[in-house]
Amino acid sequence: MIERVRVAVVGVGNNTSALVQGLALYRQSGSLVGIRRPMIHGLGVGDIDVVAAFATSEEKIGRDLTEAIFLAPNNFPRLDCDLPRAGVPVTKGLVDAGEVQRVATALVGAEVLLYSAPSGRPEIAQAYAAAAHTAGVAFINTTSDPVARDPRLLDSFEAAGLPLLGDDLASQFGTSVLHNALLRLLKERGLTLVSSYQVNLGGTEDFRNLVENPNTKKQSKLNALSGADSVEVAPLGYLPHLASQKVAHLNLEAQGWGETAVSLDVKLKVHDPSGAAGVNIDLIRIAASALRNGRGGHCADATSLLKSPPGTAI
Amino acid sequence: MIERVRVAVVGVGNNTSALVQGLALYRQSGSLVGIRRPMIHGLGVGDIDVVAAFATSEEKIGRDLTEAIFLAPNNFPRLDCDLPRAGVPVTKGLVDAGEVQRVATALVGAEVLLYSAPSGRPEIAQAYAAAAHTAGVAFINTTSDPVARDPRLLDSFEAAGLPLLGDDLASQFGTSVLHNALLRLLKERGLTLVSSYQVNLGGTEDFRNLVENPNTKKQSKLNALSGADSVEVAPLGYLPHLASQKVAHLNLEAQGWGETAVSLDVKLKVHDPSGAAGVNIDLIRIAASALRNGRGGHCADATSLLKSPPGTAI
Amino acid sequence: MIERVRVAVVGVGNNTSALVQGLALYRQSGSLVGIRRPMIHGLGVGDIDVVAAFATSEEKIGRDLTEAIFLAPNNFPRLDCDLPRAGVPVTKGLVDAGEVQRVATALVGAEVLLYSAPSGRPEIAQAYAAAAHTAGVAFINTTSDPVARDPRLLDSFEAAGLPLLGDDLASQFGTSVLHNALLRLLKERGLTLVSSYQVNLGGTEDFRNLVENPNTKKQSKLNALSGADSVEVAPLGYLPHLASQKVAHLNLEAQGWGETAVSLDVKLKVHDPSGAAGVNIDLIRIAASALRNGRGGHCADATSLLKSPPGTAI
Amino acid sequence: MIERVRVAVVGVGNNTSALVQGLALYRQSGSLVGIRRPMIHGLGVGDIDVVAAFATSEEKIGRDLTEAIFLAPNNFPRLDCDLPRAGVPVTKGLVDAGEVQRVATALVGAEVLLYSAPSGRPEIAQAYAAAAHTAGVAFINTTSDPVARDPRLLDSFEAAGLPLLGDDLASQFGTSVLHNALLRLLKERGLTLVSSYQVNLGGTEDFRNLVENPNTKKQSKLNALSGADSVEVAPLGYLPHLASQKVAHLNLEAQGWGETAVSLDVKLKVHDPSGAAGVNIDLIRIAASALRNGRGGHCADATSLLKSPPGTAI
């Protein structure tokens, strides 16, 4: 029988809520609904245990993980499954780089550290990576902060036989995935794109932060779109009532034979945290399997799951 | 300099209107907008001439092709280009199989016969094929009537070194192409389809006929969709004011990680006759090139442009 | 304290399911969500009891009403409320006009008979009306069969001091209501309608029946639309997975100042049985109040709730 | 025969382009398409002449009005009509309040001054009003700057027998009109609103300015919506390729009987400048008619065409 994977998480936001609840749901139901890869190197979706969690919010610290994931501003819905107490109290997270040793000690027993805090604090991300390195734990960076793209860090993980996966999670299904698929389809069929836009609306804390700092995200969205010349990304809208649901409106105007018009209007509704958890579950299994096989550094089968794998510009 | 391809067409409906007008437009503008393959075996889009046309409507017979394509019930729009008289009067088409020789004589000088009449009269389609065979002309069957799927016919064309391409045109861009691409995308990303539907609305004579005989089309639409179990095709709607424009509404309901909902709503607007002409232009060039190289029968590079290539069940 | 209204229903389909469950929900929650008129002549939504029910399906007859409403082909969802047994077994309904007396006897104690069976059997509808008349009970005809429009019947109810409300329920919110509101809005703002369509998709037994007999419904839909000249109604689509939910796609193309284009695309999702129950609850209270006040025949305040009130052509 | 109305305009942007071109189109075609009120006090749409125009852009000054309306950043489309030279060269507009007399002199011969410059410079708006007053010309303020709401100004116009109409044009058809109509409809039918949003996308200079100063507009949009508690307005998106076309996505989520879900998704496409011109044509005729009848100050029949008529808070 396979040994279950012991995962520590940094950040007790919506994405962690989706991960923790989903693990319980799939373990109870045995369902494979919404699962991209039922098995990765012999590891099933139910073979993962979250054994430690770090957060900085005073309300969350000390609470059992299964309670903390429902505290504000988290707003991912309660899934339809039992959620027995995890017996995992949320630990005070790093606030400066001097605390690496404390975190490393707390990681003893874990195999993988999933860094799932908000983007924008590279020094914190790197301090957690250092703690993982010290503790002999694989590290996954789901944020856009440069960690796996830092050649010095990557080398040190590789040398230690520790997997380092990152940076920046590519959602299982989101606006970019859909928009790109449609742009590719038009091109493949020989249609000529005239114009295209996307508008993204959401109600998470993540959305609220992005709305206050819009340009970065917009550029990153544009970068993610092929044929970006005629594609425009409207400002993000923070609509609290949407909670963890994202709504995107896409339009594509093209021309076919005889320069006649072809138009496509799309509305997408999706829970962003599910899109993150659906990929984290794969990254965790890839990292655990590599660790167990003594393969350090980047793993090739994680590349397609990341927006900025090693080698991408910082 | 390349010798221009001489094409005869059967049927002077919207698809022929789109083809004839598009040829003029591209020749004048040099544009490549909406063109899937600018060059096929050295033949450009502008290297095609329509040199004969057959129709059964009394109003169209005897009129110059460039006038006949605008007569009712045709309703493909007038494209934004000059359309000099073709000097090609529309010829009375076959009404029974006894007229093969008359048509064969009228085909002298043509290289390709494009059969673009309404589906549903296999004996007429096959009579035109016989005429093409007699005249030493390649034959393209864009209808769902079995011609290229008939092994006896295919063998006879192959033996004579005459290309025979068919059956049933796969549109350059239509509802099936889009719906399939979205179903595939969901699957590829690991989402689980819950339900899906498509509704097709149009205003052409073709739509009117299909509305009166709905079951065939619905089944053929369903056949064209992968994962058809949870996919439903609503009855076609004939809405005259749409003219040659087709409107389709698609919905896909799926589940992602944690069985959370993902939903997609799509509206597509496209001119069906453009979708046909955009593929006919490729079939014509493939057929002409094969004929000039003495290769008879089916051409492998036409397979993806056809819904029912040879080998498909009749 | 007000005396509760005792209602008998004919038909144990989705509309009755919505009515029965909604009554329980509102009584328990005290909520006014989705209620158009909290009070009618002193009667609240919770002041209604269903005391008898007639059906023809063998499976439903003899079962408690609160169980029978969930039997196939019913597919209205289970609402989020407790549903204690009603103590009302479903009674065998009329199958021919000779059974009027049996039904009349079964109606003793009721004040209102709500006729909520499928449309299309006028003789059955009229036999139930006769039974109500015999039993001294008010009658509501929610179907398009002519009952209240029959002057002879209306006179006999009026003479007996018994309310007779009908015919044909106007849904609380459906495609016609929305389409008309948008057509009116465009007109009121001085826009000129160019074209418009609606497509209706649903998964109820009602939809399945209408799909098999489409022309009647289409014409009735068109009749319900003002400015029907440029408005087209596409064939209904029966999509079982939608269950009791209706989906409608509406499009309106218009022109404003300078003949520039204005276009509106709308998707509506709504539960048809809720739309019926939301109006039935008003008709029941209007009928009961009139009965208690000795006013027979039609009630003026029911007119706007009906598609074909007395005086409309049969 | 009626005397034609002589109008001067301030601002040679998209709204003036729509007005000037529309006047030509309707005069030539006699069409009434998109016209809300064919006749106002005997004045038809074709009875208006633009006899003077003021602008501050160096490129526009001195050019004939019929050329100036097509200069960047204007991007309202060229309508399908002849546009003979107006013989009206664009005059240098006011840049400070010291120029009132110069403008007043230039206004001699006009009956109405339509102030159609960008909002946000109240002192300029008021200086033009002073010039109109001096020249004995009626004044229309289509901007949100306070002019007609200024009691002192209103009194002085009234005393002089000069109409003063303002402030802030209510578009003939735009997002607010549509959103309000839908919110009202839901309420009227007894549905309970759960949440609603609107997103507005556009490509005009006006949109670009609003995107840079989003909060004012968002608040003004919210003010314009009834039931604003559950209604959210997403940030405006400036998408240059849309040019003068506005696209709005609206969503309304509500509950009907039994608290079941009702949802509405709407896409609106409309040319904002047409919405302005379609109302300006009415304001001009109301003002001219009042002037000719010696009625000064506000006109009651203009109230519904204005967002902030006299009496509204400044």
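Chains: A, B, C and D, in written order; residue numbering restarts at 1 for each.
Following the convention adopted for this analysis, contacts are C-beta pairs under 8 Å (C-beta built on N, C-alpha and C of every residue); 3 or more make two chains touch, one makes a residue touch a chain.
Worth saying up front: this structure is predicted, and the values here are computed from it rather than measured.
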Could you tell me which chains make contact with subunit C and subunit D both?
none
Looking at the contacts, which chains touch subunit B and subunit C alike?
none
Whole-Å distance, C-alpha centre of subunit A to that of subunit B, is 45
Round to the nearest whole Å and give the separation of the Cα centres of subunit B and subunit D.
49
The positions of subunit A in contact with two or more other chains are 265, 267
Hey, how would you classify the chain contact layout here, line, ring, star, complete or other?
ring
Contact residues on subunit D for subunit C in the complex?
18, 21-22, 25, 31-37, 77, 79-80, 172-173, 177-178, 181-182, 185-186, 189-192, 254-271, 274-275, 277-278, 281
Within the complex, subunit B is touched by subunit C residues 194-195, 197, 199, 201, 211, 230, 232, 234-237, 239-242, 247, 249, 251, 265, 267
